[in-house]
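Here subunit A shows up in two complexes: once beside subunit B, once beside subunit C.
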Partner chain A sequence: MEPLLLPGERSSTLQGMVPLEWVLLLAAALFCIGLYGVLSRRNGIAALMGIELMLSAVGINLVAFWRYLDSETMMGQAFVLLVYATVIAQTALGLALIVAVHRTRGTIVLEDLDLLKESPRFPPYGED
Partner chain B sequence: MTSQQILFIVLGALTLAAALMMVTRRDVRRAALFLMFTFFGVASLHVLLEAPFLAAVYLFIYGGCTATFAVITLRRNMMDTPEGTGGHNRQWWAAALVTAALLSTIGGLLRWTTLHPDWVVSSTPTPEHSISALLAILMNPEGLALPFIVSSVLLLITLVSATTIARTR
Partner chain C sequence: MSILHLAWLIPLFPFLAFVAILLFTYRDQRLSHRLGIGGVAISFLLSQAVFWTMVLLPTDDGRYAVESTAPHWLHVGQEHFTTGVYIDPITAVMLFTVPLISLLTVIYSVRYMDFSTSEVDSHYSHFFAYSSLLTATMMGIVLSNNLLILFIFWGLMDLCSYLLIQLRYENPSPTQKESGAPSSSVQAGLKTALTGQAGNLFFLLGLVLLYTSVQSLAYRDIFSPETLEQLARTPFVGIPSLAGSPWSIAAVIALLFLAAAVSKSAQFPFYSWLPEVIECPIPALALLHTTTTASAGAFLLIRTYPLLTAGTGDPQMTVVAALGAFSAILSSIAAIAQDDIRRALAFSTVSQLGYVIAALGMGAYVAGLFHLMTHAFSKATLLLSTGCVTKIVRRSASLNTGTAPTRKVSNPNRMTHMGGLAKRMPRTFWTFTIGSLALSGFPLITAGFWSGNEILRRAYEHSSVIFWTLAVAGSATGFYAMRQICAIFLGQPRTQAAELASESTPLMTTPLLILTVFAVGLGWAAIPEHFPVIGGVTPDWLHHFVGSPIGAAHTGPPDFTWQPQVLGLAFGLGGLLLGWLTYGWKPMQTGEADRIEAGMRKVHLSWLYNAAREGFYLSEVYHVACARGLFLLANLGNAFDHHIVDNSVKHATRLGQATSRACEWLDDHVVDALANLTGSVTRQLSEVGALLDQRVVNRPVNLAGPAAQAASEVSNSIDLRILDGAINGVGVLVKAGSLRLHRLQNGRIQHYLLWASVAALALLLAFIFILFLQDYVHQISLIVWTLVIALLIISIFRFRKLS
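Up next, the complex of A and B:
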C-alpha cells in the first residue's frame, strides 16, 4: 500500500502502518513484565527467564527503530544480530552459574544465596 | 483501524498475556513453556516489523534458550526443594509497584509528549534481498566486521567460561 507521506515528512504514522508509539509501548510493557519476573521470583532460573523477557523487549525496540527510521540499509538488523549474540552469551553463562551454585549450595532459591550478606560473625570491614 | 494495526494488537496482546502467565506461574516448568509462547509472539512481531530473517534468528537463539531452560528445570532436585522454589518472594508487591510506576512513566512519556523531531519515519521500502544485504554489512571492514569478530570472540570466551564453571570436578 502506497504511503501518503513524502519521504522526509514528519510523522510517526504512515498510511496503514502501526504507529511507532504502539510498538514502543508494547516493548516497554514486555520489559516491565520481565522486570517484575526478575524482582519477584524466588527461583534463579525464573529470574533468568525474566531477564530473557527484558532482552526480548530491547530487541523489539531496536527492530522498530530500524524499521521506522532507517529501513533503507540493514545496519539496524546487523546491530540487532550482534545484540542477540551478546544475549546468548549472557544466557549461557547465567545457566552455568545456576548449575554451579546448585552443585555447591544445594539450592537455587535466590533468598538462600546470602553468602555476601552481613552477619554478626563477620562484621563490616573496618570494624573490629 | 487497518488490518495491520488489528494484527499488531492481537499479536501484542497474545505476547503480553503469555509473558504475564510466565511471571505468575508457581511451577517453573510451566513458566518455561509460557516463555516459549512469548518468544513465538515476539518473533511474529519481528515479522510484522518486516524483519523475517531476524525473526528466524530470534527463534533459533531464544527458542533454544527456552529448550535449555526447560531441560534444566525438569531436573527434579533443582526445580523443587522441601520449601518449594516456585512462586514469589516477600517483595512481590514492591516489584509490582515499581514495574507499574515504570510502565506508567514510559506510557505517559509516549502518550503526552511528541517524539523527537529528528525521528522522521522512513517511507522507503526495506531492502529486497535482506540476507545478502545483511552479510554485506557484517563482512564489510568499513561496516560491522570488527564488532562481528569481537562478538564471536565474546561467544568463545563465554562458552569456555560456562563449561569451566559448570563442569563437575
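Up next, the complex of A and C:
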C-alpha cells in the first residue's frame, strides 16, 4: 500500500517509514483496548487507566498525522504536549475524586456508585 | 566498531531485567533475583570492559572523549536532537564505581531480604526489579551525551527512588494506623518525589535557557570554548545585577542546575528528604545514598562543571562552594545527635556530598570526583554493615521475645539498644570500623583521607572561611564515626537482643569485605606526587587520567603545602579522639542517656541538641510553608465557594421567588379583575343574547334540533369507538416504551458510556456507509472500524454478563 502523500510532500523523508495506516491501526487498537477497559473494568482506577489509553490513542493519531502530512511545522507536537498536560490534570482530578469517593462511600467499584439513578423522592413511573 | 560501542548496551540489561521481573517473573523469587543480579552483572562486565579500554587508550595530555551518536533521534519542526553515548574519563570512573557497588549490593540483598526462608520480604521480587531500574537509570545519566537524555533519566530516577522508598508501603506504625495516616515509608516517598519534582523544575528551566541560547543540548556543542565564552559574556536580563555587574547567562544556568543537583543530592535547602528515608531495606538505602540518587546530583554538577567556571568573577562558584560547605557542617553536626543509625548515616551522606559540592565550587574538580568515589565505597560499606547489625539484632530480638520478627518489638536501629557486638560479629565490626575510618579520613591508609585532604588543600588556597568550615565538619565527622563504632560494637550489650547477636552469613559479609578493600585501596590511585615520603611511590593515576574538565586549561597535579594537611589531619584525628574519649573510654551503660545530650542539658543547650536531632527543623519549615500554605489556600477557596458562590445562588433564588410573588400579586389583582370585568360584560351581553334567542332564533332551531341530535349521536359513537381508541393506544404505547427507557437510567456510569458509544458507533456506521456509497474510502479504514465494532460488541457482551 502506498503511503499517504499530499501533493508537494517531501517523499524522501517518508521513504522507509512505516505507512500511515499502520500507525492509525495501532491508535485504533489502543483506543479500543482503552474503551474496553473503561466499559468493562469494575474498579474505578482501572477505568481511569482505560481513559488514559484512549487519550494516548488520540495523541498517537495527532502525532501520526502531523508527522506524515505536516512535519514542517511543530504544531502537531505542541498540540500533543498540550493534550498530555490536560491528560495529567484530568488524571490527578480523577484520582482525587476516586480517593474522595472511597472515603465517603467506602468503595470504588463503579457499579455500586449509582447516585445518578433517579431520586427515591420521585417513584418510578408506572409503579404507582 | 570498538569495545566502546558496548557502552550503548550498559543500561539495557538491568532495564530488561526490570521489565521481565515486573511483568512476568515476580511470583518466582528465585528467578527474579537471578534476573536482577544477572542484569546488573552484565552491566558490570560491560562497564569494566569500557573502563579498561578507556584506561588503556593512548592519551594526549589526559584530554580525550569518545562519542557515539545516533543522529535524528527526535525531530521538532525543522530542528532535531541527537542522542548517543559519551565516554570521557569522568564517565569511565563512574562506570567503574556504580555497577560494582550496585552488583555487590544486590548480591548482598538476597540474604538480607531472607530469601527462601519463612520471613522473606513480601516485596522481594519488586525490590530486585526496582534496583535494576535504578542502576539502569544511573548508567543512562552517566553515559548520555546530551542534557536532554540526562534529564529524562533524571526524572526516571525520581520514579525509581520513590518506588524503592515506599517498598514497604503497607506497614504503618500503630499510631499511624489509628489516625489513618499513610505509613512513614509512603510519607518519605512522597517527600522524596516532591523534592525531586521541585529540582526537576529548576533543571527544566536551565535546559530551556540553555537551549534558547545555544540551540543545542549536546555536550560537544555546549561545552565548546566558544559557546562557553559567549554564554559568559551575554548578560542575563531579568534579575537585578549583583554588585554592579549583571549575571551572565552561564551563571544563571549554572545556578539552576545547582538547584536541581542540590535537590537530588539532599543539600542544604532540600536535605530533609534523605534522613526521612529509613523504612526501606538497607540495600535500597545503600543504592540511594552511594551510587544513584544522591550521587546523581553531584554528578550533574561535575558534568556541567564547565558552565560553573565559565566567565570571570564567578559568582556562581562562590554560591556552590558556600552551599556545599554549609550543608557539610550543618548535617555533620546533625549526625552527632542521631540515635537511629540509619538517620545518622543519612546525615553523614548529606555532609560528605556537601564536601564534594564545595570542592567543585572551589575548582577542585578531580578531588570532587575522587571524593564522590571514595564516599560511595565507604558509605556502601557502612550501610551494608549496618544492615547486618540491624538484621541480626532484629532477629535475636524476636528469638528473645518468641514472637514473629516485626520491627515493632523494639527498634533494632537505635544505637542505644546495641553495644558489645564486636565480639559477636567480628567481621562486621571490622568492615564497619574500616568504613567509618575511611569516611572520617583516617590518615594514610584509607581512601577518604586522600580525597578529603585534597579538598581541604584546595579550600586553604581558596578561602579561609570555607577551609575552617570544612575542617570543623571533618572533625564532626570523625566524632560521629567514632560514636557509632563505640555505641554499636564496644562495651557491654545493652539489650538482650544485642546479647544474643551472632555473625551474618558469608553471603552477606563477602560483598562487604570486597567493598572494604576498595574503601581502603582506592586512595592509592590518587596519592599526590608531592606528598612526603610516600608520594610518587604509586603514580597519581587519577589526576593523569581525569586531567581537567572539557574546555578548561589543563592543570598539573597540585603542589604540596604543609599547613592544610597538618590542620586537616589534626581536625580529623581530633574528632576521632574526642569521640573515643566521650564514648569509648568509659562504655555506655544500659539505660544511660546519650552523653552529649546529657552534657548539653547541663549547660542549658538541650534546645540545640534537639534542633540538631530534628535536622534543624527544616522539615517543619517546609510543612508550615507548603502544607499550611496549601491548607490556607484551600480554606480560602472553600470560603469563596461558601460565601460568594453559594450566596449568589441563594440570591438568585430569592430573586426568582420575589419575581414569582410579584407575578402572583399581578395575577390576583390585575388579571383577575380584568377577567371579572370581562365576565360581567359577557354576562350582560349574554342576557341580551338570551332574550334575542328566545324571541328570534328558537323557532328555526327547534326545527333543526332533532336533525342535529341525530347527527351528534353518530358523531359521538365515532368519537368513542375510533378516536378514543387511537388516543388510548398511543398512551399505552408511550407507557410501555418509557418503562423500557426507564431501565436505562440505572445510575451506572458505564452503561451510559456504553450507550453513548453505541450511538457514536451508529453515527460512524452511517458515515462510513455514505462514504462507501460515494466509493471514496480507503479499504483499510473500513477494516479499522470493523475492528472497533467487533471489540465494542465483545465489550458489550462482557459487560452484560458482569451486570
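Note that the second predicted complex is superposed on the first by the 105 of 128 C-alpha atoms of A that agree within 3 Å, B and C clash if a C-alpha of one lies under 4 Å from a C-alpha of the other, contacts with A are read in each partner's own complex, and residues count from 1 in each chain.
Heads up, the rule we're going with is that a contact is a pair of C-beta atoms (placed from the backbone, for glycine too) under 8 Å apart; a residue touches a chain by one contact, two chains touch by 3 or more.
All values reported here derive from a predicted model rather than from experimental measurement.
Chemist: Considering only the touch criterion stated at the top, classify A:113 as touching first (subunit B), second (subunit C), both, or neither.
Modeler: Only subunit C is touched by A:113; subunit B is not.
Chemist: Give one of first, second, both or neither to describe whether A:47 is in contact with subunit B, with subunit C, with both, or with none.
Modeler: Once the two structures are laid over each other on A, A:47 reaches subunit C alone.
Chemist: Touching A:68, do we find subunit B (first), subunit C (second), both, or neither?
Modeler: A:68 contacts subunit B only, not subunit C.
Chemist: Where does A:79 make contact in the superposed view: on subunit B (first), on subunit C (second), on both, or on neither?
Modeler: A:79 sits against subunit B, while subunit C stays out of touch.
Chemist: Using the touch criterion from the header, give the chain among subunit B and subunit C with more contacted residues in subunit A.
Modeler: B
Chemist: Mind working out whether A:99 is in touch with subunit B, subunit C, both or neither, as first, second, both or neither?
Modeler: Only subunit B; A:99 stays clear of subunit C.
Chemist: Overlap the subunit B and subunit C contact sets on subunit A and report the shared residues.
Modeler: 21, 24-25, 28-29, 32-33, 35-36, 39-40, 42, 71-74, 77, 110-111
Chemist: Mind listing the subunit C positions that touch subunit A in their complex?
Modeler: Touch residues, subunit C against subunit A: 75-78, 735, 738-739, 742, 745-750, 752-754, 757, 778, 780-781, 784-785, 787-788, 791-792, 794-796, 798-799, 802-803.
Chemist: For subunit A, which residues count as touching subunit B in their complex?
Modeler: Touching subunit B from subunit A are residues 3, 5-14, 16-18, 20-26, 28-30, 32-37, 39-43, 45-46, 48-50, 52-53, 56, 59-60, 63-64, 66-75, 77-82, 84-93, 95-100, 102-103, 107-111.
Chemist: Once bound in the complex, which stretches of subunit B touch subunit A?
Modeler: Interface residues on subunit B, with respect to subunit A: 2, 4-5, 8, 12, 15-16, 19-20, 22-23, 28, 31-32, 35, 38-39, 42, 45-46, 48-51, 53-54, 57-58, 61-62, 64-66, 68-69, 72-73, 78-79, 81, 83, 85-89, 91-92, 94-96, 98-100, 102-103, 106-107, 110-111, 115, 117, 119-127, 130, 133-134, 136-138, 143-144, 147-148, 151-152, 154-155, 158-159, 161-163, 165-166, 168.
Chemist: What does subunit A use to touch subunit C in their complex?
Modeler: 1, 21, 24-25, 28-29, 31-33, 35-36, 38-40, 42, 47, 71-74, 77, 110-111, 113-118, 124-126
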